[in-house]
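Just dropping this structure here.
In order of appearance the chains are A, B, C and D, and numbering begins at 1 in each one.
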Amino acid sequence: MSNANADSLVASHDPNHPANLICELCRLFYNNGWVTGTGGGISIRKGDIIFIAPSGVQKERMLPDNMFVMDLQTKEYLRVPQSLKPSACTPLFLAAYTNRNAGACIHTHSQNAVVISLLYDKVFTIANIEQIKALPKITEPGYLGFFDTLTIPIIENTAHEEDLKDSLEQAIIDYPAATAVLVRRHGIYVWGETVWKAKVYNEAIDYLLELAVKMRQLGIPPDGAIGSERNTRVV
Amino acid sequence: MSNANADSLVASHDPNHPANLICELCRLFYNNGWVTGTGGGISIRKGDIIFIAPSGVQKERMLPDNMFVMDLQTKEYLRVPQSLKPSACTPLFLAAYTNRNAGACIHTHSQNAVVISLLYDKVFTIANIEQIKALPKITEPGYLGFFDTLTIPIIENTAHEEDLKDSLEQAIIDYPAATAVLVRRHGIYVWGETVWKAKVYNEAIDYLLELAVKMRQLGIPPDGAIGSERNTRVV
Amino acid sequence: MSNANADSLVASHDPNHPANLICELCRLFYNNGWVTGTGGGISIRKGDIIFIAPSGVQKERMLPDNMFVMDLQTKEYLRVPQSLKPSACTPLFLAAYTNRNAGACIHTHSQNAVVISLLYDKVFTIANIEQIKALPKITEPGYLGFFDTLTIPIIENTAHEEDLKDSLEQAIIDYPAATAVLVRRHGIYVWGETVWKAKVYNEAIDYLLELAVKMRQLGIPPDGAIGSERNTRVV
Amino acid sequence: MSNANADSLVASHDPNHPANLICELCRLFYNNGWVTGTGGGISIRKGDIIFIAPSGVQKERMLPDNMFVMDLQTKEYLRVPQSLKPSACTPLFLAAYTNRNAGACIHTHSQNAVVISLLYDKVFTIANIEQIKALPKITEPGYLGFFDTLTIPIIENTAHEEDLKDSLEQAIIDYPAATAVLVRRHGIYVWGETVWKAKVYNEAIDYLLELAVKMRQLGIPPDGAIGSERNTRVV
């Protein structure tokens, strides 16, 4: 299926071309420790065309030529790179595109996400932290406020990544204000209107997950009211 | 308002031009984890002209062309970049310029700052640590000594960043020796006579905040007398 | 023994030549903190020729010209760089080549490996974490599944690195499904079919060791059943 | 005193020239968090000429032109860069050169060093960890073995860095096998026969200090016998 015509879909000198951006962002995420050991995945949508990083390739060594390209309407591959396997994340990326009209979806194995998934049951919640303001309300225009609570649903992991699709879609329905879903003992999926928004949401959420782990270790409830930290203060 | 004349305010081949320095420092701060997810802000003053990073732009991808430029005397914008919003930190940067004659002001969402703001009430204090010597006395010439106590006031966060202005100004009045103010559950503002001094103060303070968190976790009071750590020693 | 002919074994403009790859990977491992202070080692096999980083050279400053080259069948050096000593890891690398037909072997002093070796007795085990899927089954084709348990044997350290050979070989026999061996109070050896697989296994294992330390600190057994973490949840 | 003749002492295209090496190593140490906020210092000796980084300059922005140059025999400056102050570490560097014939001396504010100085009284000791083998015996040729104990004396800090000289020299006399001295609530001085050995010793020691903090937090004595960790194992 891969031919010169299909290759032109991923060959571009524009650094903002999705095939180039995926490579650049994968290097960044690798340096964050989010996608080591070929973990994680990423997809960017451009109109009705979606670009998807392949399975099993080292994220920091990805090349534009490694990208799968799919037609979002027909779900048919427009390009299949030679000797690479499609990402098992693909059905989950499609869920974000279809149900939320996302422009990009990022999946990481961030340790902060995995640890939080071990500390919380059905949802992770955090409130009254400034960084929350980087995240969108989704159900209405605009961003969360400082006094708002960020809620991220947690779904159970499955043996095969593609089998997460149903529970991810259910979480998207059950939590209409969520722009991310945690997968227990696995990692996190984050999406956004554009690739840059998805990246910023991912960074802001990971910051909050990391902070929440620290707060829990200090005995401070991450979703506690302002002043609730006084109970644990020794000074 | 933005035109060729205004654009010349931010276009320079000199790496030490404020518009270039802001971009360079934002990349550095991003790598420190201080301004991920578009968090934080920075402003540099050159005479009566101040340069301010815009709101909502990814800090590590900032370009000189993104900068707002303001006349410090008239508070009027000399340059407004197209389709960008002014930083909500602007009134706070102005407070540092006006009340302290600062040459630059840096705002980060450093997790060390947020965690310390959860562990302390009205002020953070640390004493008898060498790194304290990197910080200025402010109320008289020279730098703090090893035996001095560094005091940083903590103010309560507000729903809107600009509403921090009054309490930040009050803290500046109440703590005339402070070169920084912590904002609870939010981050820190640090200023200095020049951009490089502001950066060095910021680094030194963040080092001390990080160390104080570790000391607290080990049961050692960060502002304790030399020898007070003996109580917790097991060897 | 080193001469122009031997030098041609390590001189190449191809970045994927083993002598070049060793240098590139050592810089990466140095930045991970795995081989600071000249710690650790690495070897890559190309057919029956093996390339080995020398002893005592700073890993991030290694040059292709520093490489030892050995014939795997005769165990004779094809190239000995001037004024450098062979790595004491060499017999251990040979054990991985001989007993497992490895394509590369990596040895690091990763602190995660050392800490885990202090927390576990004969074997380290972790289960029900997605990242486990990056590791091979070895005894049959394919990779471990999410519900599988990863087992890594731990051997006791010896005064001289080369004396680890017998117990490493015994561990390879006793644990036929292992692609790595932890050395107590020392570090870890990881091998794979190719250098890239060895690197990916190393990254995935280190991720799991790091996560296991965090889980233990939170009171969650790393090899516990799904749901076992509920006992320690406070929310 | 600074003139064209003196400037030639620090101007070289050779990356291994001491003035260039100091700049390169300071950037590395800055990225390690060892010399943020202008903290720390470094000096390299070439025969009887010593090169010293100035006081108060940001370590990652140092230029060869910023270097002080001194004659080790006469203790007279051969070069004083304009408008810079000599490092307060200079007497301590001289102590390492004079008493130990060191080729370089590094001073950092590493947080691992400061934390360890709060946990130990007169000396820090660690034993039975492989990384110890990177450190020299000093009192006889060769390196420490795996079963040896590394001992680093701890001296009390003083108001002025130069006043550490007497106690540093006393520690050098009292601990003839030490290649480093910890300064309580301050940092560490490490020296070696060459700049590269000093760097490697510094890296190996910092690795061991970091590991020791982790071991203490897990309740495992860093200088305990092999097997002593069993008491704290829960698996």
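Here is the rule we use: contacts are C-beta pairs under 8 Å (C-beta built on N, C-alpha and C of every residue); 3 or more make two chains touch, one makes a residue touch a chain.
Since the structure is predicted, the reported quantities are computational estimates derived from the model, not experimental observations.
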item: Steps needed, at minimum, to go from chain A to chain D via contacts; value: 2
item: Size of the rotation, in steps of 5 degrees, that lays the CA trace of chain A over chain C; value: 90
item: Copies chain D and chain B - interface residue numbers shared by over half, same or different; value: different
item: Most distant chain from chain B, judged by the mean position of its C-alpha atoms; value: C
item: Intercentroid distance (Cα basis), chain D paired with chain C, Å; value: 30
item: Length of the line joining the C-alpha centres of chain B and chain C, rounded to whole Å; value: 43
item: Shared interface positions of chain A, touching two or more other chains; value: none
item: Arrangement of touching chains [line / ring / star / complete / other]; value: ring
item: Every chain pair in contact, whichever chains are involved; value: A-B, A-C, B-D, C-D
item: Touch list for chain A against partner chain C, complex; value: 33, 36-39, 58, 109, 111, 114-115, 118-121, 156-159, 183-187, 216, 221
item: Of chain C, residues touching chain A in the complex; value: 128-131, 134, 145-147, 196, 199-201, 203-204, 206-207, 210-211, 214-215, 218, 220, 226, 229-230, 233-235
